[in-house]
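Got some structures for you, see below.
Across the two complexes that follow, chain A remains constant while its partner is chain B and subsequently chain C.
After this line comes the complex of A and B, so read on.
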């Protein structure tokens, strides 16, 4: 039995580290609580000009952008020019929890939405993250935090919501690595042991100093384990922007949380809706997703069973060794019986922790650490997709990705790409500096990560991501550029997340027809398409690519987690007309939005709220030189079998499709002809889907929001029209 | 530990327990403020009151629930974050919510209801809690 209160301590030099801090600049504010979910002010900090100011959150902002991702995109639009690059000082990092964020009664109400210009995609990225920062910042008095400019040397930004003080301090001594930084700063800024629960730290790590796939860790103090736990704003490289601004940490110290701090319009309604969901989770989680015991890793073998688990760089969808990393093995490895919600009151509690991991490589070799996760994406990305079916290596990679501030998804997909390049002879020991990138080589994967953190060797190249590697390898003449384009799993510069979409047209669109690149935030349709078979027809899929990206956007506007929407469903959900939508839960969201903000909406207005922001983001992409149909292309590996061995591995399926869908006779065709015919068919289907989705979204055939559509949804703002007109 | 041991067969539905509970802790007699609840069944009455099993202790994200020296499960309102997970996860549905309240409330085994019950359907009882969550 592992003692979950024991681990390597990093607090030995805390006093020395504290006394090395030097004040760079400071400001003060009147701490306050939100009213009906809003404080009506934002905190703006410019690290170059050493400015701290409050900005009003206007009624128009609330009406159009709601909060969270909406506020982030609005502030970013105003901060940057069409020519701005991610590492220009005017790029911002905006953090906002949304009006429902901080509510403790409804599960999953603690998300922070982080927005910035992405180093990977050069367009706006938004990433949602748990941990306590957003709610504690909100209960200190701010609906959003804007960080602009760059510091001269490493700084900590400390927001004291108890005293109304903001201090930007030079902090030269502490490690930037998150598992240390979060723990040290939690102890440094808490008045006493009880006060540690009022602290949340944002940190990144050494990897983000150099790699473009840097992530942010948002902490929450686990009062039972006695450690700062970490959740990640993973996608799009915002950690890289953070470190480029020379921010070592942002620390908030809020008031001790109470259930009424969001000051909702109708607290009884919020509470009763929440209690009903708590009970539903209590009654059904053990029969449905096992989120409370296995977290999102519950998906691993389900995905393999349905041939959807990425194996060896998305070549295959299942593997016999999946049993070694299956859900129940994680259930055994995670400490059970203590609340693991990444925000207070989340009874889904999927933020599982593996205590007592003894680190076996790198600078922390021999340390005993608590690993946060792995979640499904990490288990699949670092694991099966790299041919690694070993729990300890996945934990090792999970730990180092987090503490180095590296996104496990982008790293997993980048690592699997170079492993396939090794398999195909595009890479060899000479080109990788001696790292043997064979499938299943956990030690090699870790060496890439350590090199990335040291900014040296082949690991530093992998840290630039798949898009840049494809270009680099092609330039060096290391492989057929066409093959590299087909197997390099990125779109818009962002690496794919961990679902095999070859057989799911809906998920192909869900990945490629997106605002920010292939992720599972905008449209995670694979489960309803392939496991539950809830969107069988072409029309169903096209509609799903309108409805779900909009519905899912709404979570990001409000500060909510999507998992309690459909990772738990009412026992009689299957009897409803639209079980995929989970109508009872949609009604819950409609209810709590009204109960918090006092603004009564219905389920159609909910979608409309999202459409406004989703289209705003699309136009923002256009403004930054992206956002057209040509930017929504998918690598062929995500649509179908690229290679002969891929085709042959599922020959029966593909031959059948040739017969039934195209009326061809596979017996009369060579393998190359069959691969080519399959490809032509699938690429055509993808184009037809694109046509249908754009039409449904109110966009031109080139992917540009039509002026009349913008008018219809109340987004006919001159600033948007000006951008759109150039593309009509 | 001290707990209220109900004997539903003796209950006649007078509901004096509800009134005295609400009055003791909330200064009114509305059942919405009572930790003990009497409901009609097909035959006879059902008595719902916390059995001090302590399941809620391990559910609470704020460690606001604890067992006091007498073994009764108590709520530390200073630590409580008002999430009501304990309400949703109570095995016997005996954790309560008062209208408009920020924190839940529960039976603290004060025994007032047992004293008020003329049918002797409630008894303030002692038992060992060594194997229950602490």
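After this line comes the complex of A and C, so read on.
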């Protein structure tokens, strides 16, 4: 039995570290609580000009952009020029929780949305994250935080929502690594033990100092474990931007949270809606997804059973050793029986923690740590996709990715790419500096990560991500550029998340026809398409690739978690005409939006709210030199089998498709001919899907939002029209 | 023949819902089965026979991470 209260302490030098802090600049504000979900002001900090100011939130901003990701994109648009790069001082990091963020009555209401120009994609990235920062900042008095400029040396930004003080302090001594930084700053800025629950820290890590795939960790203080727990804004390299600005941490100290601090218009309605969902979770989770005991890792063996688990760089979809990293093994490894919600009041509580992990590599070797996760993406990305079916190596990688500030998804996909390059002789020991990147080599994976954190060796190259590695390898004459393009799983510069999309045309679009790159939080349609066969036509798929991305976007506008939408459903959901939409929960969201903000909407207006921001982001991409059809291309491995081994692994299926879909006789074809015919057909299908999706979204055939569509959805703003007209 | 999620599937005498799910590898714990539009509760899977020509819908309620 692991004692979940015990771990290595990092607090021995806290007083020395505190005394080394020097004030750089400061400001003050009047702490306040939101009214109907909004404070109607945001906080702007410029580290270059040493400026702190408040900005008003206008009614138009709320009407058009709602909050969260919408506010982030709006502020970013105003901050940057079309020529701005991620490491220019004018690039911003914007953090906003949205109007529903901070509710404690409805599960999954604690998300923050983080927006910046991505080092990986050079276009806006949005990433959602749990932890207490967003709600505590909101209950201090701000709907968003903008950080612009760069500090001269490492700083901590401290927002004291109890005293109304903002301090930017030089902080030279503390580790930047998140598992230490979050714990130290929680203790440093809390007045006493009780006050630690009012603290949340944003930190990154040494890896983000150099790699382009840096993530942010948002903490919350786990009073039972006595440790700052971590959730990640993982995608797109925002941690890299954070460290480029020389921010070591952002710390908020909010008031002690009470149930009514969002000051909703109708708290009884919010409460009653929440009670119904709490009951569903209590009654149904053990029969449905097991989120309370396994978190999203419940998906691991399900994906393998349905041939969807990425194995060895998305070559295959299942593996016999999946039993070693299956959901039940994580259920055994996670500490059970203590609350694990990443925000207060979330009875789903899927932020599982593995206590007592003894670190076996790197600078923290021998330390006892609590690892947050792994979630499904991490188990698949660091595990199966690299041929690693060893729970301890996955925990080790999870721990170091988090504390070094590295996105587990981008790192997992980058690591699997170089492992396949090793398999195919594109890489060898001379080129990797002696690291043997064989499938399943957990120690090699860790060495890449440690090198990444030290900015040395082949690990530093891997930290640049798949797109840049493909270019570099081709320039060096390592491997066939066409093969590298086919097997390097990135689009727009962002690495694919961890689902095999080869057999689902809709999911191929769900990954590639996105604003920010191939992240499954826009659309996850694999089962609807491939297994349930609910969206057989191009028009069906196009509708799904309209509705679901818009519906999911809405969570990011409001500060909500997607998981309570459809990872738990009412027992009678099967009676509805559209069980995949979970109509009762859609109505819940309509209800709580009205109950918090006082603005009555219906389910169509909910989609329309998202559509405004989604199209704004598409035009933003255009403004930054992206956002056209040519930018929505997918690597062929996401569409079909690249190699002979892949084809042969599913020969029966592919031969059948040649016969039934193309009228060809596979018996009369060579393997190369079959692979070529399959490719030609699948690439054509993807183009036809793209046509249908653009049409359904109101875009031209080149992917540009049509002016009349922008007008129809209320986004005929001159600034958008000016950008769009250049592409018509 | 029967139809499973609008795709043709061989039928045999005595085929019940549970054996169909087993044979198709539909092991996910959270699914909805309808035969000719009629909902089949989980506890009836073994007893509910499928007739030749039936239209079977097996909806997996799974939604990704």
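Points worth noting:
FYI, the second predicted complex is superposed on the first by the 718 of 728 C-alpha atoms of A that agree within 3 Å, B and C clash if a C-alpha of one lies under 4 Å from a C-alpha of the other, contacts with A are read in each partner's own complex, and residues count from 1 in each chain.
Note that in this section contacts are C-beta pairs under 8 Å (C-beta built on N, C-alpha and C of every residue); 3 or more make two chains touch, one makes a residue touch a chain.
In this text, all values refer to a predicted model and were calculated from it rather than measured experimentally.
By the touch criterion defined above, A:288 reaches chain C but does not reach chain B. In the superposition on chain A, contact is made by A:338 with chain B only, not with chain C. In the superposition on chain A, A:314 contacts neither chain B nor chain C. In the superposition on chain A, A:347 contacts chain B only, with no contact to chain C. With both structures placed on the common chain, the touch criterion links A:375 to chain C but leaves chain B unconnected.
By the document's definition of touching, of the two partners only chain C reaches A:573; chain B does not. In the superposition on chain A, no chain A position is in contact with chain B in one complex as well as with chain C in the other. Interface of chain A with chain C (complex): residues 287-289, 296, 299, 302, 305-306, 375-377, 497, 499, 520, 524, 526-527, 531-534, 536, 565-567, 569, 573-575, 579-580.
Across the complex, chain B is touched by residues 104-105, 197, 223-224, 256-260, 267-268, 271, 274-279, 281-282, 337-339, 341, 344-347 of chain A. Chain B meets chain A in the complex at residues 58-63, 78-85, 87-89, 97, 99-100, 102-103. Remark: chain C residues 5-7, 25-30, 32, 39, 57-65 touch chain A in the complex.
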